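Can you keep this structure in mind? I'll have questions shortly.
Which chain is which? They are A, B, C and D, in the order written, and residues in each are numbered from 1.
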Amino acid sequence: MPNVTAIALIPLLPLAGFLLLGLFGRKYLKNSSGIIGTVLLLASTILALYTAYEYFFVYGKVAGVYEKFVPLQLTWLQFSPGVSIDMGLIIDPISVMMLVVVTFISLMVHIYSLGYLKGEERFPTYYSFLGLFTFSMLGLVLASNIFQIYIFWELVGVSSFLLIGYYYDKPSAVAACKKAFIVTRFADLGFLIGILILSFSGGTLDFSTLIERLTSPETNEFKAAAASTFLGASALTWGAALVFVGGAGKSAMFPLHIWLPDAMEGPTPVSALIHAATMVVAGVFLVARLFPIFSVAVPGVLEIIGWVGAISAIVAAIIACTQTDIKRVLAYSTMSQIGYMMFALGVSKYGGESGLGYTASMFHLFTHAMFKALLFLGAGAVIHYVHSNDMKDMGGLRKLLPITHITFLIACLAIAGVPPFAGFFSKEEILLAAYNNNMAIYWIALITSGITAFYMFRLYFNIFWSKELPSYTKATKGKEGGFVMMLPLVLLAIGAAAAGFIPFGEFVSSDGTVLHSHFDLTFSAAPVILGLAGIFTALWLYKKQNDKPAKLATSLGGIYKMAYNKFYIDEIYLFITKNVLFNLIGRPAAWFDKNIVDGLMNLIGNITQSISEGIKKVQSGKVQQYAIYFLGGVIVLAVLFIYIWK
Amino acid sequence: MNLLLLIGLPLLTAVAVLLSRNKEQVKWISLLGSMAQLALAFMLFFIFRNERATGNVTQMLFEQNYPLFSSLNINFHFGVDGISVAMILLTSFVVVAGVLVSWNIEKMTKEFYFLLLLLGMGAYGFFISLDLFILFFFLEISVIPKYLLIGIWGSGRKEYSANKLALMLMGGSALILVGILGLYFAAGRSFDIMELSKATVSLSYQHILFPLLFVGFGVFTALFPLHTWVPDGHSSAPTAGSMFLAGISMKLGGYGCLRVATYLLPEGAKEFANIIIILSAIAILYGAFATMMQKDLKYINAYSSVSHVGFSLLGIGMLTQTAITGALMQMVSHGLMTALFFAVIGMIYDRTHTRMVGEMGGLMKKLPFISSVFFIVGLCSLGLPGLSGFVAEMTIFMGSWENTDAFHRIATIAAAMSIVVTAVYILRAIGNTVMGPIRNESYLSLKDAAWNERLAAIILVVGILAIGIAPGWLNDLLRPAAEEIMNRIAGN
Amino acid sequence: MQPGLYHILFLSAALFFIGVYGFLTRRNLITMLMSIELILNSVNLNFIAFNKYLWPNQMDGLFFTLFIIAIAAAEAAVAIAIIINLYRSHNSIDVENAEDLKY
Amino acid sequence: MNEFFTLMKSELVVTAIIFLLLFIKISKGIQHSSLLSLIQVLLLINFIAGFFFNKSGGLFGDMYQTSPLIVFQKNILSLAVYLISLLCTDWLKKTEHLPEFFMLMLSALLGMFFMISSGNLLIFYLSLELASIPVAAMANFDLSKKRSSEGAMKMILSSAFSSGILLFGISLIYGITGTLSFAAIPQLLDGSTLQIMAFIFLLSAFAFKLSIVPFHLWTADVYEGSPIATTSFLSVVSKGAIAFVLMTALYKVFAPMQDVWYTMLVILAIITMVIGNLFAIRQQNIKRFLAFSSIAQVGFILVGISSGSEIGITAVVYFVLIYTFSNLAAFGVAAVIAEQTGKENIDDYKGLYKTNPFLCWILALALFSLAGIPPTAGFFGKLFLITAGATKGSYTFITIAALNMIISLYYYLRVIRAAFMDKNDNPISTIKLNASVKLAMIICGAGILLVGLLSWVYDYIHSLSL
């Protein structure tokens, strides 16, 4: 059986780190904070690996199926009998897989940051935020309750906010962290309402019970939820769709992706951890977590998910081709890859062979975490070296940064889907799943994989080949980052190279059964050839500095410009927020309050004053007029009471 | 436990303050007194829990009943249920924090603390009263302190704001007065809440009296569109004054809306629930949008208070047990949060001498403690899990969703939309003040929080975290009490 | 012809209104005082007439009249004293000169 | 004979004091300041004497009636007179004609005592005149001041005019019923047109004395012109006495016409409150300001009176007691300031707190009490008046009354704001308070704070009024 203490400690150790460093770091642990954080996380990682081992190889498999365990469930907030927010731990294939991914990547980032952020003033703060993030992310993946996942969902959001805004005195960082938080918050609104709908329909917030009730058409809950409709869709559809909106926001799916490129304002290791490997895949994880509901109860929503994923994948890939900020390229690539995971889920079905998409998605999540973290950390090493994010300031770095170069290349090959690197295997499965279910998505995915290879190698060549910048020599710039920065690169490179050989379907599948992956060379040919084509195009264009890319850009004209400007989605958002939210709603509301509501109150006051001023003449000082009023009073009373009311 | 201690102790402290000889004495007596109140509130809390744990399910505990104006059947009737205990805890937190942040008041120190303590006493008395007359007495008793606190120690257009506040609250009181008199005569000459809760008031009376009472108390708790005293009053008040106003006084209104209007006039509540919902949904969104355009930190918090308090009214209007529990949680949470917010604003203002968001920036560099607290309170305001605001809002949403018709659903969604807008304005405020580059060179020489400010902030942060991290205790406290109210509404 | 109750009441009503009219229109304070005397006298007439025609058994009306006359004298005394004092400071007994206190 | 002394002891004590003063005046034997102390002691004795030998009964064929409640009402008035004698020490010391002033004041008080006790329209009329003519003379007591004589002139003329109207009403009642006795009249009333007419005449005279709108116009001018001692006497003692009598008249004499007078009172109460408040908003002179405020307060008293039951009586008596403390405290502060600095405008009070915190707190207590804010007794007083008014179940009326409290709060706060908040470079300098003034203010302050909280006061009055 699961070891509760061990599992609970996995998230709690980083939390301890957060508290310790957050409260005392600034004053007392200025220098040792990095070590403390890293050691705690190392312990966490070991526990995670132990848990994974125990689960997959010792107790997890019951009668050939990986069971779901909920070893701990504490009531956190009781709403009504049966409906409560619980703090629990769920142990099933995906959560265990995520545990490993999160702790491992986080550990890498912790180690890497020891070198990358050395000497920073807010070093302890940084590590405490990392701790907070890791805790939240682990809490998210272990959540046994839909509200618990929401709680940690928000917490990762805020940790992401804090880490993006780590350089708080940089206006662009402040703007980026605000944007990231607000956009995801907007999506979370959907998530929240989705939770309300689902939990009300299911009469519970607990995942297992919820899934149980909402996937079998016999239960009363299912019937009621399916029967109540709003705008032509059932409550269940709305709930599931809104939950997906939340996932899409966090996973930067089109059109809620605009925060992700900006989020690159954060320190690069943070981008590697949060905005590449872990947090951004939370949306995928969420859909996977609720997959039975999506696939059984609301297949329509699943189709939407597929399309959103596919569109995101290709749009991001196209934009990535035009960007010059290396982190932004990686950001769009992340978005594109998450699009893959998302549509893989979208084309999947529940159970058995047809659940291939699910397995593929998770597999891709896993491999992507490795190579994308590697890419970011590599990019970080480059940035650390040249102090710039822009491709224009780079070139010919392969000699100066040999380890970085090799590991980066491995990662590029992995993401381009070149066998036998990790990306090949997972992408292969995804394409297969799409091929089996939705040809349109398959074609999009195929094209995207070609573009992916192209822009990744555009990046690679631009950084490491292209022009030789005379100012960059060992003498002027020194060596590449130290051991602590190189170790994670190497470890991740090993992962990126070898992770594909893990028989992932054996461990993770939609219903817990074993899913054997089979290779079909004929099927693999197309994507591999496309990928190689992309690589060679990039080689032709970018190996040496020349004017071919510029010519190509001009010949593409409008399309290039649109892609370069990210299809103007940012501008649309800006227009909406600035003109609609601020000018059309906020300003009138403030004006209304100041002038109408408040004005009304003041008006009452002023009217009283002016009446008071107006009637002062009554008190004329003339005693005879007083007598007239006296008589008038008598007469009026007499008339009223004798002639009118008598 | 003798509840009269809760009135006696603040009164004694206030008198001791009046008799003390110098400023130091005044401050220390106030601090000790308020600490003692805090201890007392905790004692009450634990004794109350203990009683409940041992199976005492009487609705009101520690009841005391002395005849006061016996010819009018007015009694000094006290007792507490979970709601009162929670509110008393809140009050004691805010009082201590308020005393602490006012440590450097130079002008008329004695009077300041005297009024502050009097204000606290009024709140305690209000929350333990079970007689409408006494309740009204304690509600009104705070008018003088509020007016003087703003008018004498305030800033900006203080006279205008003080006047507006006093007059609008008086307007609310006038309606409440008529309402309770109506109840008094409709239920056979009794002001006693426990008796009235068993009395049957005819439908037509309920339909007249409920709006009077609800709107009356609503003015106190910034019911749209009668909230206009909030921005001006809060922004002009001295720091502790704003804390008390938003942290305690506004809660008096919410408590009254629930305990008096809704509980005693259930049919009226049902009749007008939809209007309450509409008004509070408007207040939530409209307050949030209006906040977005504010440039003064105090105005930001004041308008956001309108928005947040809207949640508690929304919860009441939803008339489900969970929603009402959530409404009460929101009151407690908002009380702590907004008090902390004002405290932080005060601390910043004391240093930078400006409250304009546009003039600050990068305070994090020199004021890490204050800035961190600002972060915490901002995040609490936008409903971050782990902090109190989240718990309360989610409970309200969950409760609201129990109403299945489209109207309630749409209102809930509208209210939920505010969490995005809240994020916008809170992050704007945070981004422009504590983050960003330092815009004023002189800020480089600022000193971080002093011990009293730290203590005040920590006390309130602990409160916020205690609710945010482990809401169970508050839930256990409020839910049974909310159930009693729901039983009455449901007609059992 | 013996005058009946209504004749006297008519007379007293007329006297009353003459008094009121005088009080409202005369500017001289003494004249205003005299107008009040007219009002009081109309009341006196009323009392006497009621006593004589309606309730001849008791003397209430007559006594009341006597008291009114006495009080009127006292009132006039105080009023004239005040008017004299007013004359000292205002050098006039015109009511229109004493309108400082207003609004 | 023994009964004569016990039943009429209030009046007899006052008469004795008047004569004593007369002798002193004639003999010219006592120095000015010690005379004042003597008078204060005598008035205190008068007040204390009110607590002994309280019995119910009637004299002179029930033309004179008394009961513990009536004695209590008289005690309130005696207390008020005593407090006035203390509060206005500064002014009284300067007056040349000190004994005369008190003779006049006590005569008026005597008139009021008789008026409260009257059981017959004749006595009522006589005592009413006795209660008003000396006051006119008192109003003129600042002999050298133009305004004083103008005020006195306005008072005596309008008062004579209203007496004329009153008498006309009484003569009609007499014509209708043939009796003047309070006990006999109600049985003979049936609400005919002529009776209503007579009642309106009578009520207008009451309204005049009580300053009910629109019969109130003399009030402000007279208050402003008169010396503050007179003003406070007028606003507290006269008002209280008339309010008590009005209740007797309405509840006993005109009981059969309750429907008529209830509606009338409602109308009059509403316009009185509204107009009084609206006028008060604008005032600058503190005496004039208090005049209008007291008009508004009378509106509230009418709310209580309109209930027509013992709740109303209790509430009104209780309120008058509180009103005595509150209004006298306010007038006391005004008197001290006016006498020592010659300043009577609200704007002059700016920055007063800096120099005279004690006066400011007394003023604040008084004004908050008048505004009806707890913990002051005024809160209870007003609340019980409104409660009494609510017994008839007209919520519109009660709501209007309650809303009027907002306006009244506004102008009371104006004064408080001036005293506590407004800055002034040249505030009124620190005033040295006479011991007796201070004593009176402390009594008032204690009264304001305690009468409300000590609920047995109310219950006691209630037991009397049953």
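Assume a residue touches a chain if its C-beta (ideal position, glycine included) is under 8 Å from a C-beta of that chain, and two chains touch if they have at least 3 such contacts.
Because the structure is a prediction, the values reported are computed rather than measured.
**Q** Average the CA atoms of each chain to get its centre, and name the chain whose centre is farthest from that of chain D.
**A** The most distant chain relative to chain D turns out to be A.
**Q** Which pair wins on C-beta contacts, A-D or A-B?
**A** Of A-D and A-B, more C-beta pairs in contact link A-B.
**Q** What chain is most central when centres are computed from CA atoms?
**A** Closest to the centre of all protein C-alpha atoms: chain B.
**Q** Any idea how many Å lie between the Cα centroids of chain A and chain D?
**A** 77
**Q** Could you give the separation in Å between the centres of chain B and chain C, each centre being the mean of its C-alpha atoms?
**A** 65
**Q** What is the distance, in whole Å, between the centres of chain A and chain B, each centre taken as the mean of its C-alpha atoms?
**A** 36
**Q** Express in whole angstrom the distance between the two chain centres, defined as the mean CA positions of chain B and chain D.
**A** The computed centroid separation for chain B versus chain D comes out at 42 Å.
**Q** Touching at least two other chains at once: which residues of chain B meet that condition?
**A** 167
**Q** Multi-chain contacts in chain D: which residues touch at least two other chains?
**A** Residues 153-154, 157, 161, 165, 220-221, 282, 410 of chain D touch two or more partner chains.
**Q** Note the residues in chain C that touch 2 or more other chains, in rising order.
**A** Residues 23, 32, 95, 98-103 of chain C each touch two or more of the other chains.
**Q** Using the touch rule from the top of the page, what pairs of chains touch, sorted by label?
**A** So the chains that touch one another pair up as A-B, A-C, A-D, B-D, C-D.
**Q** Help me check something: in the complex, which residues belonging to chain D touch chain B?
**A** So the residues of chain D in touch with chain B come to 311, 314, 364, 368, 373-375, 379-380, 383-384, 386-387, 390-391, 393, 395, 398-399, 402-403, 405-406, 409-410, 413, 416-417, 420-422, 455, 458-459, 462-463.
**Q** Taking the complex as given, what residues does chain D use to touch chain C?
**A** Within the complex, chain D contacts chain C at residues 122, 125-126, 129, 133-134, 136-137, 140, 143-147, 149-154, 156-157, 160-161, 163-165, 167-168, 170-172, 174-175, 178-180, 220-221, 224-225, 282.
**Q** If you look only at chain C, which of its residues touch chain D in the complex?
**A** 16, 19, 23, 29, 32-33, 36, 39-40, 42-43, 46-47, 50-51, 54-55, 58, 60-61, 63-64, 67-68, 71, 74-75, 78-79, 81-83, 85-86, 88-90, 95, 98-103
**Q** So in the complex, which bits of chain C are touching chain A?
**A** Residues in contact with chain A: 20, 23-25, 32, 95-96, 98-103.
**Q** Applying the document's contact rule, which stretches of chain A touch chain D when the two form their complex?
**A** The contact residues of chain A facing chain D are 605, 608-609, 611-613, 615-616, 618-619, 621, 623, 625-627, 629-630, 632-634, 637-638, 640-642, 645-646.
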